[in-house]
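Across the two complexes that follow, chain A remains constant while its partner is chain B and subsequently chain C.
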Partner chain A sequence: MNTVLLGMAILVLGAFLVVRLARLEGRVLSLAAPLAFGATLILLWEVLVVGFAVPMALMPAPSAVAARMAMSSHLLAQDFAQTFLKAVLAGYAIGCGAGFAMALLVDRVPFLRRGLLPIGNLVAALPVVGIAPIMVMWFGFDWQSKAAVVVAMTFFPMLVNTVAGLAAAGSLERDLMRSFAANHRQTLLKLRLPAALPFIFTALKINAPLALIGAIVAEFFGSPTTGMGFRIATEAAKLALDMVWAEIIVAALAGSAFYGLVVLIERAATFWHPSIRS
Partner chain B sequence: MQSTRRGLMGGAVALATAGHANAQGLERLNLQLKWVTQAQFAGYYVAQARGFYRAAGLDVRINPGGPDIAPPQVIAGGRADVVVEWMPAALAARERGVPLVNIAQPFKRSGLMLTCRAETGIRTPADLRGRTLGVWFSGNEYPFLAWMARLGLRTDGSAQGVRVLRQGFNVDPLLQRQADCVSTMTYNEYWQVIDGGFRPEQLTVFRYEEQGVATLEDGLYVLESRMADPAFVTRMARFVKASMEGWNWARANVDAAAQIVLDNDLSGAQTIAHQRRMMGEIARLLDAENNGRLAVADFERTVQTLLSSGGASPVISRAPTGAWSHAVMDAIR
Partner chain C sequence: MRDSAALPVAVVSLGIAALWYLAAIGLNWQVVADMQTRAGATPDFGAMITLTLSHSRPLLPAPHQIIEELWRSTMTLPITSRRSLVHHAWITLSAALVGFGMGSALGVLLAVAIVHVRALERSLMPWIIASQAVPVLALAPIVIVALGALGMTDLLPKAIISAYLCFFPVTIGMVKGLSAPDALSRDLLRTYSATPAQIFWRLRVPTSLPYLFAGLKVAVAAAVVGAIVAELPTGAQAGLGARLLAGSYFGQTIQIWSALFAAAIVSASLVGALSLAERLVVRRMGARA
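Here is the complex of A and B:
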């Protein structure tokens, strides 16, 4: 009963605080309301789990998760390096690069567009849990097979968005380039690619969390004894859910940071686009 | 009016206390298996098919497991009354808030082994140094870690240690030559390697029983809170007695037991040849002497193996108390 009352009190106070803080303006002060909201939720989680003595096998308390993160920080760092720095980054670079290259090819040779776009569609529809074991068989247990899965997942969004972007340059501007006797390469580099940048960055932003998810799920199907997917699967089987949550938090932070980095680069590269200027 | 209400009340009370009695007066029981329907669980299927459970007044629903089904979670969620589980996973669950208690141990010996390709030159455990080994995780890695600790081999992939791969529930790493050795059960994956084209003389096999690091495998576990109810203990006693009758019958009638298992396989993935082989191997692991009564020495050996397996994330951090009980075996009449 006390727990329920305390929980309700936290909820009410937290709501009040968030509403008051939401009125603050400014780049740093505007973060106050979301931070307060997050803090309220975490405090509520802690109170409910501890108050109702929920077993750790069902739901660990945030304090237990934080303690685990501090205790196993070297393991978390190792898993992060294996999954993110090796599999995700390599797969992301190769997948987006291949999608981009294929889009340029499809744009140059319309005959290929009819054949290759449906294949790209098919590859995108393959479920991760189906291709992961096959990639493990082809590329072995280490990060290469996880990168291969990430390539398969990130290829199609990049392809489709780049193809759409290359068609986005206005006809007036394309006519202008033609009147300057610009060849295909000059038109591509000076007009069509810059015009396609917003679309390309959309694909890059979609692919960032997708790559992380793909790498983690692919690790469920065979991995060396390190990596975020490996750790989540084996610790969940041991019912050590505090470690599972610790890995989840690391994955969420990594995914958000990666996405944020892409957004920052987008702001710098497409500063001219109305969505950035406003 | 009065008698109808009294009748309804009586019926409700009877239903609540009788452990879900069904129309034929049999008491309903949900058994959760550790893995998919196969001869590893023949005793229970035989007891159901041959009417041993019915004769004991029980209507047993056998729920097969699988890769994503963890028996401790199933019983914690109230979807099973008794589960088949391996002791390391049960002790880990006990330490983490799901207090399982061992009420019977049908399997006395462990069927876990490491199967290596003889062409790698591995003949003795010392030859494992510097090799790539496939190990199951999700609870099956503890005998392996204890063995490596005993051999003094680090599992960090260094040249003086061993490189460990988390293998899936197949033997592909061995067949594809991505690993020098893989984890197998005597009754299942070893035969998948044979079916995959290897002859027995092309394989070097290490049985965990012979290495002294085996842990107890298929046992029956219930939640500790239910052991306080005498009616539950009696019901479990009838269940265990009928189950052991099923196991004894299966051991004596290997082919027929394999056929019963096949008849219960809804997935259609099993074959009679594989199940007959499996049943033959399982029969060697069963407890013929004590009829399923847990030997405390075996329990202690398992706990010692688990506590000595070390690693960054040990399965249990201290010796368990109250993790087994002979109350059910003693209640068998």
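Here is the complex of A and C:
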């Protein structure tokens, strides 16, 4: 009974705080409302789980997860290095690079573009992550097979977006380049690639969380005894949900940081675009 | 425009199939060569190629082997058979559809709330975006274990994971769509002294439909992925994900590839059905397209 009352009190107080804070303006101050919202949720979660004595196997309290993170930080770091630093980064670089190179090639051959684009759009909607068992069979249990899955997942979004971006330069600007007697390479480097940058960054942003998901899910199909996906699958089977949540928090932080880094680079590289200037 | 794309697509598809055959010959060559040496046989070049394309557990099956297996496991077996791919595809599809329904409904409700309550937009929107940075599929084992402890098995846990993957594109698209009407149209309705409800139903909802369908198409593809991945960590007995897992345990590559093709067919036909619905609804709304 007390738990319910305490929970209600937190909910009312939190809602009141969020509504008040949402009126604040300014770059830093506008972060206050979402932070208050998140804090309310975590507090509510803690109170309900502790108050109703929910078993660990069902839902661990945030404090238990934090304690587990502090205790197993070495293991978490090891899993992070295996999954993120090796599989995700390598796969992301190769997949995005190959998609970009393919787009440049396709751009030179209009016939290929008309044929490949519909197929690329179709593949982008397919459950590509399902190729994980095949990649594990081809490239073994270690991080190479996970990187291969990431390559397959990130290739098509990059291809489709870059091809769309290369077509984005206006005909007026193209005519201007032609009147300067610019050759294909000059037009590409000075006009069309810069104009394609917003599209390329869209693909980079789409691919950042995709890469992490691909690497983690691929580990469900077999991995060495380390890695975030491996740990999540085995600890969930042992009902040690505090460790599973700890891994997920690490994954969420890594995913957000990766995405944030891409956004920062985007802001620096496409400072001229209206969506960033305004 | 559509006619001009048909030929290139056909040519590129043929090219991909040809490359696939070459890759299948190349990848399976060593396996077949080893087997023949052990058997003491020395087949000539032509016979080797036939053997690489008809191996029963190849590294990469040839396209016709996958199509044969697809045909055998969908058309020749009774649908109720546990080896029928239709049976497995239906189990995954039903979970994906229930999840898609729940996720889309949640997504639309969230969008309506966000558009109408300013405090929600400021506080909820960053978290909705952050929720996608969480590798959602990694949550699958937890959701399945937790719901399993509550006595929920089979369809519902899978549907919930699909729903989690679904709601985001719908919410984002719908928020954009509901706030898409320009000031001119809103002013016009105000001069007609329209009530907020009338503005919502007569202006905001019709304007948002193209955005909603764009979100729904992304969401339905995500729902299929969610349902498949949700079958992995629990060692599910049936479903396309279970077929993938069983195939990878026993090295049955043809089974893996046919399950993958089945998933692709399910996913593509769902997106196609939504495109058709979009065209019908948008035309009914009087759009000129």
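To be clear about the criterion, the second predicted complex is superposed on the first by the 263 of 278 C-alpha atoms of A that agree within 3 Å, B and C clash if a C-alpha of one lies under 4 Å from a C-alpha of the other, contacts with A are read in each partner's own complex, and residues count from 1 in each chain.
One rule holds in what follows: a residue touches a chain if its C-beta (ideal position, glycine included) is under 8 Å from a C-beta of that chain, and two chains touch if they have at least 3 such contacts.
Not measured: the values here are computed from a predicted model.
Student: State whether A:240 touches chain B only (first), chain C only (second), both chains, or neither.
Tutor: The first partner, chain B, only.
Student: In the superposed arrangement, which partner chain does A:172 touch: chain B (first), chain C (second), both, or neither?
Tutor: In the superposed model, A:172 contacts neither chain B nor chain C.
Student: Is A:57 touching the first partner chain B, the second partner chain C, both, or neither of them?
Tutor: Both partners, chain B and chain C.
Student: In the superposed arrangement, does A:137 touch chain B (first), chain C (second), both or neither?
Tutor: both
Student: Going by the contact rule stated at the top, is it chain B or chain C that touches a larger number of residues on chain A?
Tutor: The partner that reaches more residues of chain A in the superposed model: C.
Student: First (chain B), second (chain C), both or neither: which does A:181 touch?
Tutor: neither
Student: Does chain B (first) or chain C (second) touch A:224, or do both, or does neither?
Tutor: After superposing on A, A:224 lies in contact with chain B but is clear of chain C.
Student: Does the superposition put A:72 against chain B (first), chain C (second), both, or neither?
Tutor: first
Student: Identify the partner contact of A:28: answer first if only chain B is touched, second if only chain C is, both if each is, neither if none is.
Tutor: Touch status of A:28: no partner.
Student: For A:268, is the partner it touches chain B (first), chain C (second), both, or none of the two (neither)?
Tutor: In the superposition, A:268 contacts neither chain B nor chain C.
Student: Indicate the residue numbers of chain A shared between its chain B interface and its chain C interface, in ascending order.
Tutor: In chain A, positions 55, 57-58, 133, 136-137, 221-222, 233, 237, 239, 241 sit in both the chain B and chain C interfaces.
Student: How about chain A: which of its residues touch chain C in the complex?
Tutor: Answer in residue numbers: 18-19, 21-22, 30-31, 33-34, 36-38, 55, 57-59, 111-116, 118-119, 122, 125-127, 129-134, 136-138, 209, 212-213, 216-217, 220-222, 228-229, 232-233, 236-237, 239, 241, 244-245, 247-248, 251-252, 255-256, 259.
Student: Report the residues of chain C in contact with chain A in the complex, numbered from low to high.
Tutor: Within the complex, chain C contacts chain A at residues 4-5, 7-13, 16, 59, 118-119, 121-127, 130, 132-139, 141-142, 144-146, 149-150, 217-218, 221, 224-225, 228-229, 232-233, 240-241, 244-245, 247-248, 251, 253, 256-257, 259-260, 263-264, 267-268, 271.
Student: Can you list the chain A residues touching chain B in their complex?
Tutor: Residues 55-58, 72, 75, 133, 136-137, 140-141, 221-225, 230, 233-235, 237-241, 243.
Student: So in the complex, which bits of chain B are touching chain A?
Tutor: Touch list, chain B to chain A: 70, 72-73, 76, 89, 92-93, 96-98, 135, 137-139, 141, 155, 157, 163-168, 172-173, 176, 178-179, 312-313, 315.
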